[in-house]
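Two complexes are shown next, each including chain A; its partner changes from chain B in the first to chain C in the second.
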Partner chain A sequence: MSLLRGVPRRGLILLALFVAAMALAPLYAGAYLLSVLTLILYFAYLGQAWNIMMGFAGQLSLGHALYVGLGAYSSAALFVHFGLPPAVGLFVGALLAAVAGTAIGFLGFRFGIQGVYFALLTIAFAEFVRILFEHFAWVGGTAGLFLPVSNRSDIDVLALRGTPEMFYYVILVMTLAALALSRALLRSRLGYYWLAIREDQEAAESLGIDVFRYKMIAVALSAALTALAGVFYAFFYNNLFPHQIFAMDSSIELLLGAIIGGVGTLFGPIVGAFILTPLSEGLSEVTEGLKIDGIKQLVYGICVVVIVLFRPEGVWPWIARRLGLDGEARRGDEP
Partner chain B sequence: MPLDAVVNILVSGLLTGLVFGLSALGLSAIFGVTRIVNFAHGEMMVLGMYLALVIFKWTGIAPLVAVPIVGAVLFCVGYALQASLVNRILTAPEHMQFLLLAAVAIILIALLFIVFGPNAQNVALESAYDSFEIGFLIVDAHRVYAGVGALIVSGLLFAFFRFHPLGKAIRACADNLRGAEIVGLDVRHLFALTFGIGAACIGAAGCIILMLVDVHPHLAPSYTLLAFIVVIVGGMGSLSGALVAGALIGMSEALAGLLLQPSLKSVFSFALLILVLLLRPQGLLGVKAR
Partner chain C sequence: MSGAALSVRGLSKSFKGLRAVSEVSFEVGAGAIVALIGPNGAGKTTIFNMIAGVFAPDSGSAALDGRALIGLRPDQVCHAGIGRTFQIVRPFGGLSVADNVAIGALRAAASREEAEAKAESVMRILDLWSKRRQRAASLTLPDRKRLEVARALATGPRLLLLDEVMAGLRPTEVDTMVAVFRDLNRSLGITILLIEHVMRAVMALAQSIVVLHHGEVIAQGAPAAVVQDPKVLESYLGEETAL
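The block that comes next holds the complex of A and B.
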């Protein structure tokens, strides 16, 4: 387990406890808690996928909903129209998303569009595709695309058909795999190049790093991983609407956790998801009785503002210091 | 297609576009000086619309007349926002600034939702059915008032930045922040002032646009996007660029609504945006981005 080399013992124990608690969750968690945990892991996974592009390579994307949507729609359409299982569809979705990502990246990076401008370009493309999908009758247009559900108790992982427990384990494995991949990337040559580009693009370029190429790899990888979450979404919810899945709100929702948790850190996106999703779910519970629409979003927004003002570098680095896992957090941050 | 129909559509698109140009002016002024992208832009504009609506319902003052009041209220909102929150994150990384303003947007829209509910509302003015006729050109009176109103407010803003000492001081901050600090300008106050002035423009635009569209909270994200498009096409930080691009986008959307389906009209704007970003990233009238 070379990935675990250099992690302090305390970190290893905590990681093992975390994985064990998550793996055993279906034994002690009721249906509702399990659904919340599934949602948390979904956003933890998405945050990690986004983090590869922003946290590692320093390219701010505010349009990642585009890749979620492409993954969801291509796998769902192949299933609905040709009966192809998501085990096939996910490759198509990931490939499409990677192609879209590299196209946007190519246009942006070739023409020297950086920072805010690049972020706005990503939003523009996501919106553009949303409008196209709303007029794309083959996948249902604005009326939505619905996936047939035959029997919820037959478990077939390759077809992504089964019980809530199965979906929970699928997203858990995806999240842990993304964590391992992030760790491996950060310790690879590629990861060092990314961090160099993130910290100072001109300096990286002067050292002979092919900045354009490595930024493209970051976008393609991040987009492809994000599309896999879209495949999960499609088969978990069984309905897709362009105005939901491609919305700017979805793009924002999926990166909130990663920023709150700590951009560029390994555990930041996971910690962020564990803060924000329960916050949102808990607020729904509490405010349901009040019968005031919008109060949940109000409190949620205020919480985000407070976190931004008081933990501007993210929550995870602060927790890591508290737990004495400094070394690990630092290694994740700047190996 | 008959020529007069096309000209009619273009003129009304131009007039509507001027209002969006005014709102984008606010976004552009804020970015040009503070280097902050106001992601709560559409929410502030919808706030302006609701203020105009409330003023109309309580006092019967028409939205066009209420522009100074709404502008003043939005100025205070903008000043307070910059002074209390945004000034603290001026040196934070871009994604943190984005997150803070996105959260402000969530808060604003939730407040509007709580107070006004989700339904569309409008001002019912008797003059809504008036129109001007010049030859074959027939334009809604409201659209003319809106376009002219937007031009007047923009003119006031240009005059302020050009002639007023405070406007000059703000431009100094935008040109050279370090230099402005050295000569003793209170940069934080000026930043807050800029955000306030930008917000006032956005509020005025919201006030004016209420004559043409019904207001509901979900308008906000689309207004934010539209303003981004206008500002990038015109050139980030370029004031006249925002107005010109607003008119251009207004006309192209109107034309697209005529040629294609109305629901496809924003595809035109996005295509224009992507073209401008690729061919002239600094915008039509912008100077090379820093």
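The block that comes next holds the complex of A and C.
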């Protein structure tokens, strides 16, 4: 496969081991571990989708929950009201998210809103849509939208109805597909242009790159991919509330893994999810007995701060150096 | 690939009432090398930025082989056939030297492989091949200057706008750079317009010099004549520089 060309042998072996361990997980993992793994992969996927926009094209979005919500609500509403399966709904959700992303991108990029101001714009739109959905009776408003829970012993992937194992494999395939896509993008003309824009917009322009156009493509693609995670969320949890799915917290949660793991790297978002989700789950277990309000959040926050302090470029570039996989970590990082 | 002719007519630009460039006109013939000189703040880089589409002039025109450039965006100017460097270098710091140059080469390349091949030949010309794996941010200033040129050259321009690419180079490095430009000009016919303070390079390269002072052209013509011009000596070169 051309995607694997140039990857050091050691990297190929580690990747194969990782994929094998994940593919066989349902055989050795219990129900609880499998649910944690599903959650890890969910955030690994989301981190990768966000990483395309921020890590590759350098455009900071703090409102990606908007796209998760649009994907979740459109696929769920089509299912609840018209009986359309998520295999259809995901196209509608991805398209809606891409349109929303393009609209926000247009406002930002056309009028020269950059950096943190652009990030504020993304937050504003996510909040605006959250309030909109809280008053949107057709999808339940603040009372939420509930999907009928069906018999979980038969498996129907296209309808996203089945056992926890099925959901696990769906999100595993999504995560690996996102990884392959990210790798392909980074090696394409599009990827080179994004990196140029991330590094220096003015220099990129002087080399013939239509900065506006390629930033728009980054937002649209990132938004559409993010919406697919929303479809998964809707059918996995079977309930949707605007104040949860569109929340600022969700936007932060989904990008934290990518930052901890390494923004702009291929494996950063996956590594970050493997650190943060177990940390969160583990802390829940440990702190439950303490009966101290907010202790879990406090310890979690301290852990994140410590990681960022000691590995400011992310955990993955450090691991990659240790394993001698530098070329993989970030293009240009080679000695 | 051959050179293109640049024609600048009556270009003017003011910043907050301060007239940076005033009614500047000059011609750069196809395949020619012309130097734009003058003291700091004379408006040289402003002229470059107007030609390159970074900002619009208040009045005047610029055309490449008769095609109007004013109104085009910087990326469109690049596609029209103009490659430029920045006075304050702007490398893609987090990327390798090879990727920096390859991104420039993608402008005219049909595929990534073609761009990489083009980038390789450009890196060899500018003596960056041995540093291709280094991060651009880790380069020394002379190497960054060379990278600016390599990136612009990789886009396959018919006119190169070089903004003080000799600054900070040692005399031997200046001579090497001069040889590179002379060679590019001879073998590919690329037209070159350069802003330069290093008179050693200007005199070695330019067939014609345009002197700017306070945003106005005070002299232009053959190098030997221009450097003897009393107005130029007074405002810029100083008596002792007379060659």
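Note that in this section the second predicted complex is superposed on the first by the 329 of 335 C-alpha atoms of A that agree within 3 Å, B and C clash if a C-alpha of one lies under 4 Å from a C-alpha of the other, contacts with A are read in each partner's own complex, and residues count from 1 in each chain.
Everything below uses one rule, namely that a residue touches a chain if its C-beta (ideal position, glycine included) is under 8 Å from a C-beta of that chain, and two chains touch if they have at least 3 such contacts.
Quantities reported herein were computed from a predicted structural model and do not represent experimental measurements.
J.: Is A:Gly30 contacted by the first partner chain B, the second partner chain C, both or neither?
T.: Once the two structures are laid over each other on A, A:Gly30 reaches no partner at all.
J.: Return first, second, both or neither, reflecting whether A:Ile209 touches chain B, chain C, both chains, or no partner chain.
T.: The answer is second: A:Ile209 touches chain C but not chain B.
J.: Touch check for A:Asp200: first (chain B), second (chain C), both, or neither?
T.: second
J.: Is A:Ile292 touching anything from chain B or chain C once the two structures are fitted on A? First, second, both or neither.
T.: After superposition on chain A, A:Ile292 lies in contact with chain B alone.
J.: Would you check which partner chain A:Tyr300 touches, where first means chain B only, second means chain C only, and both and neither mean what they say?
T.: first
J.: Applying the document's definition of touch, where does A:Tyr192 land relative to chain B and chain C: first, second, both, or neither?
T.: Only chain C is touched by A:Tyr192; chain B is not.
J.: Determine, under the contact definition given at the top, whether A:Phe128 touches first (chain B), second (chain C), both, or neither.
T.: A:Phe128 sits against chain B, while chain C stays out of touch.
J.: Looking at A:Gly83 after the superposition, I want to know if it touches chain B, chain C, both of them or none. Which is it: first, second, both, neither?
T.: Neither partner.
J.: Check chain A for residues that touch chain B in one structure and chain C in the other, and list them.
T.: In the superposed arrangement, which is not itself an observed complex, chain A uses no residue for both chain B and chain C.
J.: Considering the complex alone, what residue numbers of chain A touch chain C?
T.: Touch residues, chain A against chain C: 187-189, 192-193, 195-196, 198-200, 202-211, 264, 330-335.
J.: Show which residues of chain C lie in contact with chain A when the two form their complex.
T.: Within the complex, chain C touches chain A at residues 52, 54, 73-75, 78-79, 83-84, 86, 90-96, 99, 102-104, 106-107, 112, 133, 135-136, 151-152, 155.
J.: Write out the stretch or stretches of chain A touching chain B in their complex.
T.: 54, 60, 62, 107-108, 111-113, 115-117, 119-121, 123-125, 127-128, 131-132, 134-135, 247-249, 252, 255-256, 259-260, 263, 292-298, 300-302, 304-305, 308-309, 312
J.: For the complex, give me every residue of chain B touching chain A.
T.: The contact residues of chain B facing chain A are 31, 37, 85, 88-89, 92-96, 98-100, 102-107, 109-114, 117-118, 221, 224-225, 228-229, 232, 236, 261, 263-264, 266-267, 270-271, 273-274, 277-278, 281, 289.
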